[in-house]
Every structure is written in structure tokens, then in C-alpha cells.
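Below are two complexes that have chain A in common, paired first with chain B and then with chain C.
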Partner chain A sequence: MATDHKTLQPLEFYKTFLDRKTRPDGRSLLEFRRMTLNAGSIGTADGSAIVKCGNTAIICGIKAELVAPERDEPQKGLIIPNVTLPSLCSSHIKSGPPGETAQAATQFIAELVNNNIIMDLETLCIKNSKWSWVLYCDLLCINLDGSLLDACVMALVAALKNLSLPVVSYDEEMDKLISNIEDKMGFHGIKQPVTSTFSLFENGILISDPTFEEEQLAAGVISITMEGTSVTHLYKPGGCTLNEKQVKKLMQQSELKTKEVVKLIEEACSPMGVEPID
Partner chain B sequence: METEEKSIRALKCEQSVLSRADGSVMFSQGNTVVMASVYGPLEAKIQKELSDRMYIELNYKPKIGMPGVAERGKEKLIKTTCNHIILTNLHPRTAVCITVQEMQDGGTLLAASINAVCLALLDSGLPLQCLVAAVTCLVDKKDRIVLDPCINTVKEGYKAMCTFAFDSQKYNMILSHCEGQVPYQLFQKAMELCQKASHVIFDFYRQAVLRKFSKELL
Partner chain C sequence: MSGNELLSDQGLRIDGRKPNELRRIRCSLGIFSQADGSAYLEQGNTKVLAAVYGPHEIRGSKSKALHDKAFINCQFSTATFSMGERKRRPRGDRKSTEMSTHLEETFSAAIRTELYPRSQIDIFVEVLQADGGNYTACVNAAMMALVDAGVPLKDTVVSCTASLVKDVPLVDVNHVEQSGGSPELVVSILPNSGEIVYMSLTQRFHIDHLSKVLDTAIKGCKDIGAILNEIMKGHLTKLDTSLQAS
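And now, the complex of A and B:
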């Protein structure tokens, strides 16, 4: 009976839960899913992390190369993010060239990177207009169950914190790079932006950390990126409208999540190592 | 913290510029010129067909070259905005094809595209729930808010550039997109300023429609 109702009238089915201020998976409206984070899981990558938010799972691997910086920005290094949604991650994703969801997510992360929200790109430069690091950050989704951007940002930040590269210096007289493979270094000053996604329903009900099903049924999504207590990015692609009071409420919720995620990343990326924490 | 420019640049539009499209418009906001066309409701491709509502296909064409990842990001933003304003459930199992062609980049392309699409939809006569007006503002390095910046202001560098879209019923926010980082209070101020500026665009829509129909009656 319940499954029939769900298949025939998914929105009605869902609304009966919302009216009772609960959700089909047992969460309350503004509750987040359990998060797990493991840093440094891929031995052959320069930096890596696996993130699970509920059923959504993302792997991030970073490969570093040395290149000449771009001509119009000679003092900056590069971070090239790429979000891949293979067809195995969800039945809604078709194989073939990257679809709209993947490209929109890549663009979202690229905007965070280019506006120095994740880290100051100038720290990646070794010698002005000669050498700089380029970090290829590949984000692969293993299981897509909503709140893709939250997991992607978290995985990227954790992988960047986990990054270890050989110490390279530039010798001006010889005009070449000197490095010692055994000396490794990480980058300091990686910021900790945290993205929180919320779904909105027509009658003004807000839910946090939506699953894929909830995202499909909802009338709109909003992703708030915060760093500490300041808002860095408010991404709301269309959908049903929001008033200022609702925005304020969401800000408070994302502040709570930000605190939790920052703690989680710090614990997972601490030199003590790699234990998953909820 | 002071506001530099309080008004948006001159708006111009010409509706029904394409003879084959159901609705089309050439829209300019200062030096930014965008053309938009609407075809629909059409028969939907089988894999795109939705049983309960209309499928919206949106193509954003840049001035030079093929659309890339950045254009896909814009397409998604415009498409989801359209999804809210078009009464999609009146035409199940059909599709509407909207094309946005960038003609000249004078800054604030995203906002101009959304406004152009809204005018093209008005021209096509598709039933809409409400209208939408998008406004961009920029927070420069001295924390001043510049409303509807031109390309030179954008090139000088900025702390953040935010684009908002509001509906015509209660002037609530439909879309928000920002590049860069600002404290929340400044962000809120920018949003309020854009909200006020959106009234100018709604007035412009009204005039455009009035002009169009008075021409047709003659």
C-alpha cells in the first residue's frame, strides 16, 4: 500500500511526512545526514580524500604538475577541478559525455577556486612567470544521493589539506628548479569553506541535506557556502522563491553544519592519521 | 561603505525580431546585447518527455566558439529560473526550446540573458506564473556597491559580483549567484539594492508590452 502510494503520487506521499515534521528516512526537517571522511586513502595520488554524506560518496584525488603560469596572471598557480558523474553512480545519469549536473558542479567548484575561496592561488607559484604548481583535482562520484556540492567541497578541501608535494626551489643563476624528492611539504593557508544544501517546498517548508529523491520532488535548491561565520557564496539556481526571514534561518543552520564539518576535516587531516569520525 | 551608482543602465528592446520563432527579442542593457528566442510548445524527444510537465531546453550560445563548461553553468541557472516562472504543468509531454545568443558583452551577461528570456517568453505568449527581473551588482575593492556595473568596472577587479533575480508578485528572490566573497551584511545590502532596482525592469517590461500592442492595433 505504502509503496503504491509512493510510486503513483510521490509528492503527495512525501507531503504527508512533511506535514508531520519528519521525513521518510527518519530525519527531522533540518537534520543533516551522518558524514564520514577519510583523508589520504589513495597512495599513488599527491593528495586524496573520500567523503560520505549519507549515501552520497565522493572520491577526490589530486595530481600535481609543474608548469609555466598563465601569461595574464604570472603570479598565480592553477587548480583545475573536474567533477565526474559516471553512469554507475545513479540510474538517472546516462553514460557518455558529462551531463548538465556534472558540468554545473564543475563550474560551481571552479568559481570557488578562482575567487580564492578555497586557497590563495598565489601560494602555488614558485617563481613569478616561470614556474608554478598546477593541481588537477578530480572528483569522482561513486554514489549520487543528493547534496552533491556539499560532498564535493568537503572532499576537495580535505584532499588539499592532505596534499604533500616535494619541496621545489628555483635557482636563478642556473635557471632551473632544484628539488629533493624526500623533502615533502603541504600547503598552509587552505581555507575551510563548507557548503550546505537545502531544498525548498512550495508551502515554504525547508529541509536540509536533501537526498536525490527529495531534490527531484522539491521546488528548488539553495547552496550556502560559509567560511567560519561569514557567507562566501549563496547559490540558488531558480526554483521557488525565498524571503529574507527564510534566508536568515538557513544561514543559522549552515553555520551549525560549518562548525561540525570543520571539526571533522581537522580531525581526519591531523598527522595522527586517518580515522573516520561521525 | 557608500553606494556609487544607484540606477541601472539604459534598457532597450525590440520584440518579435525573428520571423520563425514563437517569441523573440533583442535586448540591450547598456552595452550588453543579448538575443533570445522561444520555440514551443513543441513535441518532446522521447527521452526528454516528462509525463506531468513541460520540458525546458535552454541553449546559451557564446559570441565566439562552442559553448563550454562556463556556459553550461549559465544555462542551468537560466533554465531553473524559467522552470519556476513558466506554468509547465499546463503542457505535459511537450518541450519548449529557448535559445540565448550573446551579441555583445558589456558586463552582467547573466542578468541580461534572464531579462531577455523573460521578454521573449512574454512575446511568445506562453502562460507564465509571474515575471522575473535580474540585476547584477558588484562590491569593489573599497567595499562600495556598484549597481549594474559595465565591463570596464568589472575588469578593474572586485571583491564580489552577485546576480539576483526577483519575481514580480512579492519581489522575492528566485535566483542568487555570486562570485567572490563578502560579509553577510554587505551581501544583504547588495540584495536589497538589487531588489529595488528590479522594479525599474518590471516597469520596462510593462512599457515594452504596451508599445508592442499599441503598434499591433494600428
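And now, the complex of A and C:
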């Protein structure tokens, strides 16, 4: 009976729950799903992390290479993020070239990176206008069930914290790089932005950490990125409107989540013999 | 690397295994909520994910539909961070396409496709970490995902590799042995009937060696089959008890 109702009138079905201030999966409106984080489980990557937020699962693997920095920014290294949604992750994703969702997510992460919200890109530079690291950060979604951006940002930050690269220095006289494979280093100063996604319904109801189903039914979505207590990025791609009071409420909620996520990342990425450099 | 280094004087392999020893296999089933069936499999350092969707109606062009059996669609893909060097294209290159075709052919021999005419079964495999025997791990993982999805099979399919170093056959070859210039024989079998569904050999060796290398590979397949069978049984028993409890 319940499943018939759900199939025929998904929105009505959902609204009966919302009216009772609860959700089909048993969560209250502003409750987040359980998160798990595992860092360093992919041996072939230079840094890696696996994040699960409810059913949404993301693997982030980082591969580092040495290149000459871009000509217009000779003092900066590069981080190239790429969010992939293979058809394995959901029956709604068609195989073929990257779809809208994947491209939008990649662009979102790229924006965080280019605005130095994730880390200061200058720390990736080894020798001004000669050599710098380029970090290819591939975010692979293996199960898509809403709030993709939250999980992506979390996985990226954890993988960057887990990064371990050979120490490389530049020799002025010889004009070449010297490295010792034995010595490993990580990067200091990786910031801890945390993205929290909320879905909005027309009657002013807000829910935290929507599942895929909820995202489809909702009238709009907003992603707030915070670092500590300050907002670093806001993303609200159209949909229904919000008032100031609602925005304040969401800020409070994201602050709560930020604290929890930062704690989780710190626990999972406690340094294991790798000393971060300045 | 010469054969001498691949097999020490004591008869041990580069990772310390005996010639007839498999790598450790770990597997868990039903790990995703979205897919109809899913599995995660580790064979030593090779880590593979598999997801199965279907049987469902044909997606995309309807011309792919077969009037008397199900159409099997496989997609093999390797994560960009799965190898020593970063892979530029995770899927769609010639090697991945070839791998997808091999998987499709392997599984159309095992799945009872005649039960689902005009429908489609999708099998997606993703290599997260590659350390030799990618095809093998993919076949084994995809088979477990098919079992988890409840797709009717004629028989389970298991796959294993074998090689020959210093006239000694090695089972379940890893990346170093594979790239070290030794031949690699890949075999997939239906363990109950013992039929071979897929076989490929890279590099040459004398035909006299073939039977012993093939025997080693088939023995490996059967051993892997036994391990996977246990895991399968464990998973299904757990499922059964949880169903009865509810």
C-alpha cells in the first residue's frame, strides 16, 4: 500500500512525512546522515580517501606530477579536480561523456580550489616559474544518493591531508630537481572547508543532507561551504526562494556539521609517520 | 626482469608466495543501495568493484534488443589513480573496450539469457587498484555481483591466471610477474562442469608446457571458486537469518 502510494504520488507521499516533521528514512528534518571516512586505502594513489555519507560513497585518489607552472601564475601550483559519475553509481546515470551533474560538481570543486579555499596553491610551487606540483584529484562516485558536493569536498580534503609525496628540491647550479624517494612529505596548511547541502520545499520547509529521491522532489537546493565559523562559498542554483531568517537557520546547521566533519577528518588523517612541511 | 629474479633458488616468488599459492581473496556482497547487485573484491593488491543493474528494459537504442534472449552490456573501467602512472582515460580506450567485450562474452556464456528476452542486464566493473590479473578480478567480482542481484546463472564463472617461469607454472600472477616478461595465460571456467569459457595467452612458450600451465590455471580457478562459494554461502545465510528475523 505504502509503496503504491510512493510510486504513484511521490510528492504527496513525501509531504505526509514532512507534515509530521519527519522523513521516510526516519531522520528529523535537519538531521544529517551518518558519515564514515577512511583515508589511505588506495595504495597506488599518492593520497586517497573514501567517504560515505549515508548511502552516497565517494573515492578520492590523488596522483601528483611535476610540471612547469602556468605562465600567468608562475608562483602557483595546480590542483585539477575531476568528479566522475560512472554509470555504476546509479541507474539514473547514462554511460557516455560526463553529464550535467558531474560537470557542475567538478566546476564547484574547481571554484573552491581556485579561490584558495582548500589550500594555498603557492605551497605547491617548488621553484618559481620552473617547477611545481600538479595534483590530479579524481573524485569517483561509487554510489549516488544525494548530497554529492558534501561528500566530494570531504573526500578531497581528507585525501589531501593523506597525501604523501617524495621530498623534491631545486638545485640552482645544476638547474635540475633533486629528490629522494625515501623521504616523504605532506603539505601543511590544508584548510578544512565543509560543504553542507540543504533542500527546500515550496512551503518553506528545509531539510538537511537530502537523499537522491529528496533532491528530485525538492523545489531547490542550497550548498553552504564553511570553514570553522566563517562562510567561504555559497551555491544556490535557482529554484525556489529563501528569506533571510531561513538562511540564518541554515548557517547554524552547517556550523554544527562543520564541527563534526572536522573532527572526523582529524581522527581519520592523524599523521602516520609523515611529517608535513611548512 | 629475468626469470631468475621472479623465482628464487628456494622456489619462492617475488612476493614470497609458493608457485601454486593464490593471493589473499576478500570479498563483500551487497555493498551498494542503488545497484540491484554489487560486490567488492580484493585479490592481493588488486581491488575491484562491480555493480549489476537489471534485467530491465533496453536503454538507449531499441535496436540492441534481442528477441530471444537478454542483451548483456558490460563496462570495464579503471580508476585514474589505480596504477603507478596516472591513467588519462578511465574508459573508452581500446584496451578497456576490448576488456568490456571479453566480459560480455564471458557472461553471456554463463547467464541464462534466454529467460529475459528483449531486456538488458548491465554489468559495471571499476578497478580501484591494479596489481595484475585485472580481468580475473573483474570476472570474479562481476560474478559475485550477479549472484547478489539474483540473476539466474547456468553455473558460477571463475577466472584465474597462470604463468611459466623457469619451467615452473605459477598461479595468480601479480603485476611484477606480469610485466616482467613472463607469459600469462588467463582462463575462465564454469567450475561445476569444468568447461572453459574464456582463454587467452600473451607471449609464447613451447606447446609441451601448455597442458601443465593450463592445469595450474584451472586448479587456481577451482580454488578461487571454492573460496567465493564459501563467501557467497555466508552472505546468503546472513541474508536468510535477517529476513526470518524481520
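To be clear about the criterion, the second predicted complex is superposed on the first by the 271 of 278 C-alpha atoms of A that agree within 3 Å, B and C clash if a C-alpha of one lies under 4 Å from a C-alpha of the other, contacts with A are read in each partner's own complex, and residues count from 1 in each chain.
Here is the rule we go by: contacts are C-beta pairs under 8 Å (C-beta built on N, C-alpha and C of every residue); 3 or more make two chains touch, one makes a residue touch a chain.
As the structure is a computational prediction, the values presented were derived from the model and not from experiment.
Of the two partner chains placed by superposition, A:D150 touches none, neither chain B nor chain C. Looking at the shared chain after the overlay, A:G238 reaches chain B, while chain C stays out of its contact range. With both structures placed on the common chain, the touch criterion links A:N55 to chain C but leaves chain B unconnected. In the superposition on chain A, no contact is made by A:E214 with either chain B or chain C. Of the two partner chains, chain C is the only one touched by A:Y136; chain B is not. In the superposition on chain A, the residues of chain A contacted by chain B and by chain C do not overlap at all. The touching residues of chain B, when paired with chain A in their complex, are 69-70, 72-73, 75-84, 160, 162, 165, 167, 170, 172-184, 187-188.
The touching residues of chain A, when paired with chain B in their complex, are 100, 103-104, 106-108, 110-111, 114-117, 219-220, 222, 227, 230-244, 247, 251.
In the complex of the two chains, the chain C residues touching chain A come out as 32-35, 45, 47, 49, 51, 53, 56, 59-60, 75, 77, 79-84, 86, 90-91, 122, 124-126, 128-131.
By the touch criterion stated above, chain A contacts chain C in their complex at residues 42-45, 48, 55, 57, 59, 61-63, 65, 82, 84, 86-91, 94-95, 136, 138, 140, 142-145, 212.
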